[in-house]
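Here the chain labels run A, B, C, D and E in written order, and each chain numbers its own residues starting at 1.
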Amino acid sequence: MIADLVISLVFIGYAISVLMGFGTILTWVERKQAAVMSDRIGANRAYIRIPGTQVKLVWLGLFHGMADGLKMLLKEDFKPRTYDWYAYAVAPWVVFTPVLLVFAVIPFGGSLTPARLWEPLSAFFGDKTWPMQIATLDAGILIVFAFSGLTIIGAMLAGWSSSNKFSLLGALRAGSQMISYELVLGLTVLGLILVYGTVNLDAMVRQQSGIVLGFLPAWGIVYQPFAATLFLAAAIAENKRIPFDLPEAESELIAGYFTEYSAMKMGLFMFAEFIEIAIIGALFTTLFLGGYNLPYMSDAGFAFPGGAAVAMPHGAVVVTQLGTFLLKVFLVCSFQILIRWTLPRFRYDQVLMFAWKFMFPLALANLCVTAVVVWAVRS
Amino acid sequence: MGLLTLIVVLPLVGFVLNGLLGNRLGKGFVSAVGCGMPAMAFAVTIKCFLDLKGAGWAPIAETAYVWTMVGQDSFEVAFWFDRLTAVMALIVTGVGTLIHVYSTGYMHEDKSYARYFAYLNLFLFFMLLLVLGKSLLVLFVGWEGVGLASYLLIGFWFGDMEKAAAGKKAFIVNRIGDAGFLLGMFVIYSAVGTLDMPHINKAFTSGAAPAVSASLVGLLLFIGATGKSAQIPLYVWLPDAMAGPTPVSALIHAATMVTAGVYLVARMSGIYLNAPEASTVIAAVGALTALMAATIALAQDDIKKVLAYSTVSQLGFMFVALGVGAYGVAVFHVYTHAFFKACLFLGAGSVIHAMSGEQDIKKMGGLAKKIPITFFTFALATAAIAGIPPLSGFFSKDEILWYALASGRGGSWLLLGVMAFTALLTAFYMFRLLWLTFFGKPRMIKEVEHHIHESPPSMTGVLVILAVLSAVGGFLSIPHFLEPLVALPAVRPGMDAFHYFVVGGSIAIALAGLVGAAYFFGGDAARAAKVRASFAGAYRVLNNKYYVDELYDRFINRPLLWISEAVFLKLGDRLLIDGTLNGLASVAQRTAGRLSRVQTGSLHKYAFMVLVGMVASLVWMWRNG
Amino acid sequence: MDKVQMLQVLAASLFALGLTGVIIRRNVLVMLMCMELMLNGVNLSLATFAHTMGSAVGAVLVFLIFVVAAAEIAIAIPIVLLLVRRKRTLDIESYSDLKG
Amino acid sequence: MSRKPHVRKQYWNEPEMGLWEKAYLPEILRGLWITGSVFLRNMGKWMTGRKGALTTYYPEETRWDYAQANRGKHVLTRRPDGTPQCVACNMCATVCPAKVIEIEAGFDPADAAHPKYPVRFEIDYSRCVFCGLCVEACPEDAIRMAKEVPNLPSGDRWNMWLAKEELLDWQPQSDVAKPYPPAPPRVPDGERG
Amino acid sequence: MTDFLANLDTLLLWAFAGCAFVSAALMLVLRQPMRVAIALVSCMVFLGGVYGLLGLHFIAAFQVLIYVGAVMVFMVYAIMLLDPRDESGGEKFSKLLWPGIIGLSLLAEALAVGYWSDLPGAPRGAAGEPFDMVRFSAAFLSEYWLHFELTSVLLLAAVVAALAVIKENRRHDHG
């Protein structure tokens, strides 16, 4: 019982630190990657001076994220004279919290047996094995959608309560855009659910550990390349990033629904966006890129198609899986940033048209084709 | 997915692709899909046929999926492939493919090209469902589906009110037959408890089902067949159905769909073998239809109308064969008829194409030299339908005549006489058509004459193939091929001697028709005009199709209208129902006037009433429950 | 009072609160939301029974109620929008046109 | 309330999208390929220790392609005895359009030829526009502009004030245009450092 | 400690239930419609928590997904569009405030009487085994498909009705 609690706390701590770390680092990565893509140098000036010396740790400007956070914390918190301070105050949290909660159902590693990590631990943990996932729910993917539905409310509350026309416009845009794309998101994932036959994310990842056609890893993207594309696009639209950043389009709406926010409240919106990049990365990894699985790797170690095998101790396996997951997530995040700095913004009517007249039918068609194929294969 | 399912699904895929994407992707795509899918279906059918042969002719059954379960009975979408199905499926896919190819030439200028091919593929899908279905239910779905496709295609040029009306007519007349079919299905289901056709046949032949229902079922199903296969009294839709594009007439209204009734009766032969009364009715209706349609065809001037009545007449032949228990022979005639009638229709289409849309044979003539390929194929097919040996029509018609006389299940001299006379008429009006169209002096307008040209190879090629098939098709003895499945009836004692008499007679009849037509319509057809003048009254009756449409109008439509107007509307509806209701309503109104004070218009009060009611009922429940 | 009983009581009180809300509030939108609350109460009751009995019936009903609620709101909100367009107010007392 | 139907204006160069463009994905992939390949190329350079950017680390690194005529820093010339040539006449300060020069004049009775001299001569580089008018205005050829870059970024704007001491680093040897004062006596090549 | 952990579920359940009740009660007294909406959202989310603790995870997910993600978003949208802050002058409660409250108390009493007389408690004896997504889906699609279909007809009707209402709207715009 207590062991469960400890493990849970460890996992929660890991998840929060991973998310926060991603949130902080991505703010820097975004700028740095944009710079490298456009032949610039990018953020490179923030440093930490070791107290008492003149040694400045620059580390390629890695501390910019921290500097940003600090800046936002210390800024003055301007509040508009609004008619609903409560909604105004609650909105950033409604946006921020669900984003964190989504990570609860994402498996970030295989299974963990503390006793096999280090012998003395067995005194406390026994021989029990835990899946590396905060909440092993049979409704996994549904939870993700449920929570992402919550953020819509937050955005709309924020825009409405700011008593600002731009904010209101941003909120209206956010509402309709996110609902439209959530539908597409759900439909694309349905195809995947058909393929895997489960909604449990951990089970999905486990099914992706094998090999198809002799050499390809049995990842979701192999089965559903089309759905993967649609999913990524819809997820980026959910996150309101370029090319779908109409709710906060700077050139039209200043900052959209959070125009009237300042200091850390505004920081929460930004932070939520960056964490959601990581969440999308994690989801995409889990659903389409085999999660924590490396090709040819199992709990025992590597087993290559040729017959060669490398045994690995439990600790190494755990670390490899954690590392694999983080690396994949990071790569997907980096890809999202690449998209953000490549594509121009849609027009607002185009965004909704795109959702309803292009992606929705495609997702539907994908679902139908998948259903037929799955039916044909299974029967 | 098994092969049988594949056969059915392929045209459906074509329908979906053409229907959804056809307009965007251009004619090349439409043609490729529209012709490719039936061709693939044909190939798969051949594969199935070979499998069937390899399996020693044991029927192949395949369940695509379970549609629904009601109690213990499951209704499956299941397919069944035996000899009969094989013949029908090969005809449907083979002739269907050819006609698709022909259509690419014929419909090339039409702006609804994709829609046309989508409908055609849809028709093929339903037809295959009909032919391959294992249970009556699947067959019925196909049955209704081909009706729908036929409706869509007859009314294909729905901008023209007359053509749209023809589509509606076909649809509605078919519904009457379908009502009989449905009733038959209900009776079967209640008697046998299943709709699987092999089961039903077994049940009836083994006598497990009550014998009294066999004739009833047979008649009810036959009503359905009269609708679809254009027999008296429901044949009136078929001539009007010529409003559709000509390839459609060839495919649906000559080669495949109209033979569905024949197929149904042949498929349910287990019932009819035990229903002599129903069989007699079938034979009688078939003979009457054949005779009547043939006489009408004598006096028609529209090239497609002549062919349409000829189709009705030939269907009558098939039903005579069914009525005398020679099911295999009926299917044989279906098979040969599919070739030569498709060829005739397509030839007619080619003629119409050449004549820039003109269909009146009085305005044709002398086309033989201008469109030689069409002429040769048309002439060959005409000879085939007239029954000139050794063309295919000769064999099947001869068999029908033979069994009309000799079958132990209702053959008689009277039947033979009627059928022989009809055959003579057939030969006569077909050669009349040939003569008026292709020989003699050109009677068309100058501009039209100037434009006459041979059709593109996609059309003539198909014509040639079909002509060859209708020439040699008769050498394949379908009745003996089907013998293990549906046995031929025993020959009446003492009739064997007449076999050669019948053969010789039928040859003589065919030649007589040829000679007669040549005599009357040769040159400028002056002799025919003389005959027509002396029989003007009869000619008018025939030309107006015995006034059947008018009779229907007078004796069915008007009384119905009168009854619904006078009895149901005025007496029943206005006086009885409305009167009662009005009385009640005025009472209610007065009461409501008082009660309406409760209606405050305030939602709150309504909700409060709900609350009070809920509390009251809860309290009552706790106290008394 | 064990947890099942507690949840049933909660369900009942949610329903009652919703009904009361419909009676005593004037704003159309608030009344609509109170109706949603009533539906939620029913849902909770059904879900509790489903949990207690271990049968899927309750859960199925809950699902159907979800769908019905979504349908209801999809019609109700446009109607409210239309009403407000006509009379420029959300006060339900202004809409007593059906007074008999 | 009648609404006019919205008619979108048609332009003469209305872009026409083919099927390929309408399919979105291929074109998007093409764009991603372009940016991605730039990213990877630059990243590869960074990884292998080369520089993967066109921009410079500004204060630490200056561009190599400044124009020959670039004059980015003021210098005060000196007399042979080392004192500034400036006579604190304030002409440069007067003509300066950005008003960046501040001179505080001093009086030196010991030097009869140049009794006025600058006690303080400061230039605020945070505002200087490098127009060169001060050089034009100077009657004494006391201020010149050198081929340098004003490499003065700093966290504190006061660091951008340069005082007389920093401006007096004129090296006559390097000034080919006006070797003034006269070149010192030639020293053999070997002894020059 | 172990004791506490064993009861953690129950404690959380009570806490969520209490919060849901408080949110629901707040709905009656808050003036601003948007705050009522927030209260309702929080009530629904807490109910979702309750479902989760009961082991009905997917119902919890759908509670949040459909109620909050769809119904309440729509509601918030409507509140945003209708801009109800202008009617701050209106009375908050209807004329039936006191009858309503009395009715509520009556209802509560009736329910309480009924509850304490014969309401079944926790499962006694044959406790139902918890059913998972798979079992639920199977039951849903095999036994209750008719209901499902009927509901989808209802949904279709709703869509049509909503469209009709909007059309009405348009017509008035033009006229």
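Everything that follows uses one rule, which is that a residue touches a chain if its C-beta (ideal position, glycine included) is under 8 Å from a C-beta of that chain, and two chains touch if they have at least 3 such contacts.
Note that the structure is predicted; figures quoted are calculated from it, not measured.
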{"item": "Any chain in contact with chain A as well as chain B", "value": "E"}
{"item": "Chain at maximum distance from chain B, centres defined as averaged CA atoms", "value": "D"}
{"item": "Most centrally placed chain, judged by C-alpha centres", "value": "A"}
{"item": "Interface with more contacting C-beta pairs, comparing B-E to A-E", "value": "A-E"}
{"item": "Reference chain E; chain at largest CA-centroid distance", "value": "D"}
{"item": "Separation of mean Cα positions, chain D and chain A [Å, integer]", "value": "45"}
{"item": "Inter-chain centre distance, chain C versus chain E - centres from mean C-alpha coordinates, in Å", "value": "7"}
{"item": "Mean-CA-position distance for chain D and chain B (Å)", "value": "94"}
{"item": "Centre distance in Å when chain B and chain C are each reduced to the mean of their C-alpha atoms", "value": "57"}
{"item": "Touching two or more other chains - residues of chain C", "value": "19-20, 23-24, 26, 92-93"}
{"item": "For chain B, residues contacting two or more additional chains", "value": "604, 608, 611, 614"}
{"item": "Chain C contact footprint on chain E (complex, rising order)", "value": "10, 13-14, 17, 20-21, 24-25, 27-28, 33, 36-37, 40, 43-44, 47, 50-51, 54-56, 59, 62-63, 66-67, 70-72, 74-75, 77-79, 81-82, 84, 87, 90-94, 96-97, 99-101, 103-104, 107-108, 111, 115, 119-123, 127-131, 135-136, 139-140, 144, 147-148, 151-152, 154-155, 157-159, 161-162, 165-166, 168-169, 172"}
{"item": "Residue ranges of chain A in contact with chain E within the complex", "value": "1-2, 4-5, 83-84, 86-87, 90, 137-139, 142-143, 145-150, 152-153, 156-157, 159-161, 168, 171-172, 175, 179, 182, 198-200"}
{"item": "For the chain B and chain E complex, residues of the former touching the latter", "value": "604-605, 608, 611-612, 614-615, 618-619, 621-622"}
{"item": "Residues of chain C touching chain B in the complex", "value": "19-20, 22-24, 26, 31, 92-93, 95-100"}
{"item": "Interface residues, chain E side, partner chain A - complex", "value": "1-2, 5-6, 32, 34-35, 38, 41, 45, 48, 57-58, 60-65, 68-70, 72-73, 76-77, 79-81, 85, 132-133"}
